[in-house]
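What follows is a group of structures, each given as C-alpha cells.
After this come two complexes, each holding chain A, first together with chain B and then together with chain C.
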Partner chain A sequence: MRSGGGCGEVSNRVLAFLTRRVALMIPILLLVSIIAFSLIHLIPGDPALVILGPEAPRETVEALRKQLGLDRPLVVQYAAWLGSALQGDLGRSLVDRQPVRKLIGQRLPATLELAALTFLLAITIAVPIGIYTSVRRGGVADWIGSVAALAGQSIPHFWLGIMLIMLFSLQWKLLPASGYVPIWVNWKANLLSLILPAFATGAREAAVTTRYLRASLLEVLKQDYVRTAKAKGLAEWVVILRHAVRNALIPVITASGLQIAALLGGLVITETIFTIPGFGRLIVDAIFQRDIPVVQGAVLFAAFMVMTVNLVIDIIYSAVDPRIKLSGGRG
Partner chain B sequence: MAQERLVAGGSHPAEPPPVSQARILWRRFRRNKMAIIGGAIVLFMVLVAILAPVIAPYDPVTQNYPMALKPASAAHWFGTDDLGRDLLSRIIYGARNSLSAGVVSVGIALVLGVPIGMISGYYRGFWDEVIIMRITDAFQAIPFLILALAMAAVLGPGLSKAMLAIGIGFTPAFIRMARAQVLAQRDLDYVQAAKGMGASDARIIFLHVLPNIAGPIVVQASLATASAIIAEAGLSYLGLGIQPPAPAWGSALRFAQGFLTRAPWMAYYPGAAIFITVLSINLLGDGLRDMLDPRMKQ
Partner chain C sequence: MLHGRLSRVLAVVVGVSLFVVAGCSRTAPKTEEPAKAPEAQQPVAPKPDVIMRIALNADPPKLDPHQSTALVDRQVFQSLFDKLVDFDTKLNIVPGLAEKWDISTDGKSYTFYLRKGVKFHDGTPFNAEAVKYNFDRMVDPALASPRKSEISAVEKVTVVDESTVKIDLKQPFAGLLATLADRAGMMVSPTAAKAAGLDFVNNPVGTGPFKFKERIKGDSITLVRNEEYWQQGLPKAAGVVYKTVIDENVKLVNLQSGQLDIIDTVPPAQVPQLKSDNRLKVLIGPSLQYQGLWINTTKPALSDKRVRQAISYAIDRPALVQVVFGEIAIPARSPFYPGTPASDGKPIPARDVAKAKALLAEAGQSNLTISLKTAPSPINQQIAQVVQSMLGEAGIKVNIEQEEFGQLLDKLNKKNYDIAQVGWSGRPDPDGNIYAFMITNGGNNYAGYSNPQVDKLLNDARLPTDMAKRKEIYSQIMTILDDEMPYVYLWHPQDVKGVGPTVQGYVAVPDGMMRTLNLTK
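And then the complex of A and B:
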C-alpha cells in the first residue's frame, strides 16, 4: 500500500514537473513564432517581388502576395499564420507546393539518426578521455588529452569532413564520400554512410564534453567523500566509476543540453558536405530558393526540437542527481 | 618632500615597492605558455591581415588559366586554384575578411548585448524577467547557425550581412552574461556607496559596474571571436558569406570540394588557416580566463 502510494506520489510529481516545464515552453515558443514570422518582413522592399525576382509578371507577384497573406494587416497575418501552425499547418513550399510539415517529416529521420550517432560517438570518445586525463592530472596523457580537446573544439567541422572524405573515401576507399541510405533499405549501408558525417560533427562535441567532464571530475575528486572512499581501501577505479563519475556527470549533462542547439546547427553544414537529404539540407535548399514558408517552418520546428530535447535532459538530470527534486529543473 | 620621502623610506626599509594590478595579471598570463603561443599566432595573423597588400606575392583575384591547379612550387608556395590564382595570396587576403568578420560580429554582439544585459540586471523587475529574458530564451532556442542562415536568406548574401546575422545570433549570450555579472555586483558595497553619494544609475552602471565585470566579458568576447570566425567560414562555405571573387577561407573550401582528387591542396590550406587561427584565439581566451579568474584554471 505504502509503496503504491509512494509511486503515485512520484508520478504525480513527475506529471506536475512536466506540466510546469511545458507551460514554460509555451511563451518562449510564441516568441520564437514571432521571430520566425518576422523573417519575411525583414526582406527589404516587397518580399513577393524579391522572392520572384524583378522580371516576374505583375499578376504572379500579386498572386504570391495573396498566397503569403501580405495584402492583409500584419497582426491578421500573424494570427492566421500562428493559428495554422498550432494545427500543424506550417504553410506550403513556394517551390513544389508541398506542405512544409510533410517536407520536414520526410527529411527528419536522416537528421535524427545522424544526431543520435554523433552524440553517441561524442560520448564514447569523451567519457574515457575525460576520466583518464582528470585522474592522471598533470601527466603527459593529460597534456595530450587537453591539447587534443582544445584542437577538437577549434577545428572547423566542415574542413574535418572534407579531410575525412579525402582520406577514408578517396584514398583508402573504405567509406562512402556522400549520400544516404535509409536504415529500412539497408542497415549496413546506412551505418557506413553516416560514420564520416557523425565523426566530422562529433569531434567538436566530444572535445567540449571532454573538457567539461575533466573540469567537473577534478572538482569532484577533491571532495571529502572521494577521499573517504579511497581511505576505506576501495580500488581507485571503483571510487572513480562508482562515486566520482556519477556526480561529475551532472554539469556534463547540463552542458550537453546547451550543445544540442549547436549540434543541430552544425548538422546543417555536415548534411551539405555529405549530401545527406536531412532537415539541415532542407533549410539550405529553401534559403537558396528563397522559399520563406519552409525557412519559417524550419526555424519554428528547430526551436521546438531544441526545447523538447532540453526538457528530456532536465528529466534525465533529475534522475542522475537524486538531490534535485522534480520541482524547478535546472532553473 | 625630500625630507618626507627619506623619513618614509627609513621607517620601512625592507618593504617591497607596490606591485600594480596590471603587473600581477601579466605575471599570471606569462606563466601560461600555451596562451603566449596563442597570442603570438593571433598577433602574427593580425599583422598578415594588415600587411596583405605588401606581403602577398600575387594579386588574389587575377586569374591565370595556364597556371590552374598547379601544386606547391617555389613560385606558388601553396599551389594554385582552378582559375590559376595563387592560393597563398588568397589565404593572406582571406585573413582580412575572416578576422574582420570575427571582430565585427562580436563587436555587434557586445554593443547590443552588454548594455541590454547590464540595464536589465541592474533594474530587474518585469522588463528584465518577463520581457528581456524570455526574448533571450527564444533566440537561444533557435540553433545559432539556423538563425544566422535564416537571416542571411532574407538579407541576402554578403560579408556585412553575414557579420550582422552572426552578431545578432551572439547577442543573447552577451545579454545573459552581462546580466548575470551585474546581478552579482548590484548589491555590493561600492554600488551602494555610489548610490548613497547620489550617482545616477547610468553612471553607476557604466562607470562603476562595467569596469568590474569587464574581465569575464573580455574572456567571453575572445572565445566568441573564435566561434564567429568558424560561423562566418561556415556561411561562406554555404555561399552566404563573402561572395566570389573576393578571397575567403570558407568559400575556398567550397570550391576545393570539386577538386579533391585533382588538387587536394586547395582544401588543405584554407582549412588549416581557419583551424590555426581559431585554435590560437581559443588558447589566448583560455589564458585570459586563467589570468582574470585563477580559480577557473583546471
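And then the complex of A and C:
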C-alpha cells in the first residue's frame, strides 16, 4: 500500500529530497579534495624528482619544480587548482601533460563496464543460490552452498585471477589472457576479454551477496505475513518469490550499493593482473608517480561517483520498500 | 526490527568491503607444460598485416626524446626516431641519419654528412637545418631538456650546406658519438616541434620506421608503418603496439599465450623452465647495467674507508648472484661490464670475512648497526636478505628498510640513509657510467664522495679520442675507488628478453634496446 497523498505531493517530496542530497554533495566534494591534496603532499618525495626519475640531471629537476609551481606555498597551489577545477578544468598530468579530464574519460569506461559485469555476475549467481539454500536450509544443498560461499569469500581474487588465466588462456586457450578492447570497437572481443576478470572479482562478490540474501531471506521467512500467506494455501515458491524475496532484497540492495562503490576503486588489482587500462590503476599509478593533478581530479571524481551511486541506491530502496519515505521517515 | 537488522548488515558490509589494495605478494604461478605439442614453425614471407606486440615494464611518460628522462621511453623511440649514428651488436658506432663523418685532429670539430632524401613523418624534409634546430631545442631554457647536460661540450652547430652540418666543441669529448647514438641524436621534426611546443610529448614526429598513431595512458602505444621510410623494403611489420605490463608474471603468461611477442624482463625463477620450453626463446646476453650498494660517506661511521672496504670484503658476489639470479646476472667489481672498452678485466674480489672483521676492529666499529634501504619488490627483498646475512657474519648488523622508489630517491638525494641498494641502467660510453656518480657534487653522487684527484682523472678521461688511453685513465680511477669504496659494485644484470615462437628478425644489442626495423612474424 502506497503511503502519502496524490502524485503532486510525492514528486514535491522527491524533488526536495534530491535537491538536498545534491546540495550536500558540494561541501563533501570540497572536503574530499582538501584531504586528497593534503595526503599527496604529505607523502615524502619531491614530485619533480619522482616524475623525472633518477636519470635526470639536477638542473632539469629544479626547472621542472619551478615550471610546475611546486615551490609555491601549499595553500596557493590548492587555491589555484580549485579555481580551475570550478571552471571544469582539472589541469594536466605532470608526467605527460595530458588533460586530466581526458585521462579520466579514457580510463573510466573499462572500470565501469567491469564493475557492472562483476556485479551482474555476482547477482546472477547469488540470487538463485541464496534463495534455494534459504528455502532448503539445513539440507545438503545448503551445506554445499555455505562452503562454496565461504571459499569464494576467502580466496584472494588476485590469485584466482592468475589461476583463471593459466587455465582458460594458457591451458585451454579459450579466452584471452589480457587485451581489453573497448565495447564500441568490437563488442565480442570486449566481452571475451572481460569474462575472466569479472569472474575473478565476481566470485567473492557473489559469495558475499549469497550469504546476505540467505540471511535476510531466513529472517523474512519467519515473519507473520509469510506464515499467513502459506496458511492461505499459497504454494511455498509463490510465497517466496512474490513476497519474501522482495522484502529480503532491501538490505541486499544497500549492501550491493556499497559493493559497487567499493568496486570502482577496488578493481585495481584485477586491472593490474588482466592489464585492463582502468580507473583504479590510473589513481594508483598517479600516486606512485606523484602526479598530483591526476590524483586530485580522479579522487574527486571517484567521490562524486560514489555519492551518486548512494543516491541512486536510496531512491531504489524507497521504491522497493513502500514503508520507507525518501525524507527518511518511516510510514 | 528492520532498523536493527539493517544496521547490523551495514556494519558487516562495511567491514567486508574494506578491501586491501597494494602489497599483494607476487605468487609465482607454476607454469604447467602445455597440453598440445608445439606446432612446427616454418619461416614464411613477411605478411603485410603483421603487428608486433612488445611489452614494456612501465608506461613511457614522455614521447619526446628531448624531454624524456625515463629509460622505457627509449624503447619506443627506437621505432619512432632515427638517430644521427647508431650501434651495432658490438656497440661500435655505425652510420644512422649521418652517412659519414669527419673528426678534426684536435677532436674539437665533427662534420656530419647527412643522408639525402629522408623525410619526417609529417612530410617535411630532414636536412642540416633540421639538425641545427634539434640541437638548439636541446639547449633551449624553455624546454629544460635533460639532454642539455649530455651535450654540454657542444659550443656551436653550423649548417654548412643542405646535407652537411658542423659541430664545434668547447673541449674534446670522446663520448660525443655514443651520446648521439641515443636520445640526444634523435631527430625530431622542426615543424611539428614548433607547432606542438611542450605537447610534442603526445604527438611525436620523427623519421623512424614507424609513425605514432595513438596511445592510451597506462595501457598501450600504437604505431603504424612509415610507408615512406628511407630504407627500401623496411620496416617489415605493419605496426608495433607497445603494451605496458608491470607485473613480470603477467608478462610471461601473455608471452606464452601468444598475446605478446617480445617481453623485456623474465622473472629469474622462471628462466630455466622457459629455456626448456622450445616454443619460446629466452635471450640472455651482455648488458651495460650494474647494481650494488651506495655507502653514505657523510655518516660518521661510514666516513672511514676501512668500514666501507669491510662491507665489500664481507660479501660473496658469486654466491649472491647464484642464489638470487641464477644465470641472468654476473658478479661485478666496477661500473664497466666485462668486455666493454673501459673494463680492466681484474678478477672479482673474493669474500674475506676475516679481513672484514680486522678492518672493522681497526676502525673501532666491531659492533656496527646500519640500515639498508631498498626498493619494495620481492627480488630487492631477497637481495637485501642475502646482504644482511653476509654482513652479519662479519659483525655488521643490518636492518632492512624497504621504501617506495620515490621516497628512496628523496632520501638518497638528501643523504638520509646508511647504505642503499640502487644501481644504474648503463650507458655505452664509459663516461656515462661513472662521471656523474663519482665527481664532487655529481648529480648522481649519492655517496657524497669527493676526491679532487678522481675529479681530475674523470675530466681527463673525456678528452682522448683513443679508447686505449681512456681505458688507462679509468683503470687509475678504479684503483682509487677500490681503495675508497664509495660504492660497492656487486652484480651486472644481463640483458634478458623473452621472444615468442613466431618472431623473426630480433637481434639483441647490449644497450638493451629492442630495435623493431627488421621484426616480423
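A few notes on this one:
Assume the second predicted complex is superposed on the first by the 287 of 331 C-alpha atoms of A that agree within 3 Å, B and C clash if a C-alpha of one lies under 4 Å from a C-alpha of the other, contacts with A are read in each partner's own complex, and residues count from 1 in each chain.
The criterion applied here is as follows: a contact is a pair of C-beta atoms (placed from the backbone, for glycine too) under 8 Å apart; a residue touches a chain by one contact, two chains touch by 3 or more.
Just so it is clear, the model here is predicted, and its values are computed rather than measured.
Contacts of A:Ala85 after superposition on the shared chain: neither chain B nor chain C is touched. Of the two partner chains, chain B is the only one that A:Ser154 touches; chain C does not reach it.
In the superposed model, A:Val135 makes contact with neither chain B nor chain C. In the superposition on chain A, A:Glu55 contacts chain C only, with no contact to chain B.
Contact with both chain B and chain C is seen for A:Ile43 once the two complexes are overlaid on the shared chain. Partner contacting the larger number of chain A residues, of chain B and chain C: C. In the superposed pair of complexes, A:Gly266 makes contact with chain B and with chain C alike. Look at A:Lys173: by the touch rule set out above, it reaches chain C but stays clear of chain B. When both complexes are overlaid on chain A, the residue A:Ile162 reaches chain B and chain C alike. Once chain A of one complex is fitted onto chain A of the other, the partner contacts of A:Leu213 are absent, as it touches neither chain B nor chain C.
In the three-chain superposition model, chain A touches both chain B and chain C at residues 43-44, 153, 156, 158-159, 162-163, 165-166, 170, 215, 219, 262, 265-266, 268-269, 272-273, 284, 288, 290.
The residues of chain A lying in touch with chain B in their complex are 27-29, 31-32, 34-36, 39-40, 42-44, 147, 150-151, 153-156, 158-159, 162-163, 165-166, 170, 214-215, 218-219, 261-262, 264-266, 268-269, 272-273, 283-284, 286-288, 290, 292, 295, 298-299, 302-303, 306-307.
By the touch rule above, chain A contacts chain C in their complex via residues 43-46, 49-60, 63-64, 67, 93, 95-98, 103, 106-107, 153, 156, 158-159, 162-163, 165-166, 169-171, 173, 176-180, 208, 212, 215-216, 219, 250-251, 254-255, 258-259, 262, 265-266, 268-269, 272-275, 277, 280-282, 284-285, 288-290, 323. Every residue of chain C that touches chain A in the complex is listed here, in rising order: 2, 5-6, 9-10, 13-14, 16-17, 19, 21-22, 24, 27, 29, 31-32, 34-35, 59, 61-62, 69-71, 141, 144-146, 148-149, 198-199, 201-202, 216-220, 243-247, 249-250, 253-254, 256-257, 259, 404-407, 409-410, 413, 422, 425, 436, 443-444.
Of all residues in chain B, those touching chain A in their complex are 34, 134-135, 137-147, 149-155, 226, 230, 233-234, 237-240, 250, 253, 256-257, 260-261, 264, 267, 270-272, 274-275, 278-279, 282-283, 286, 298.
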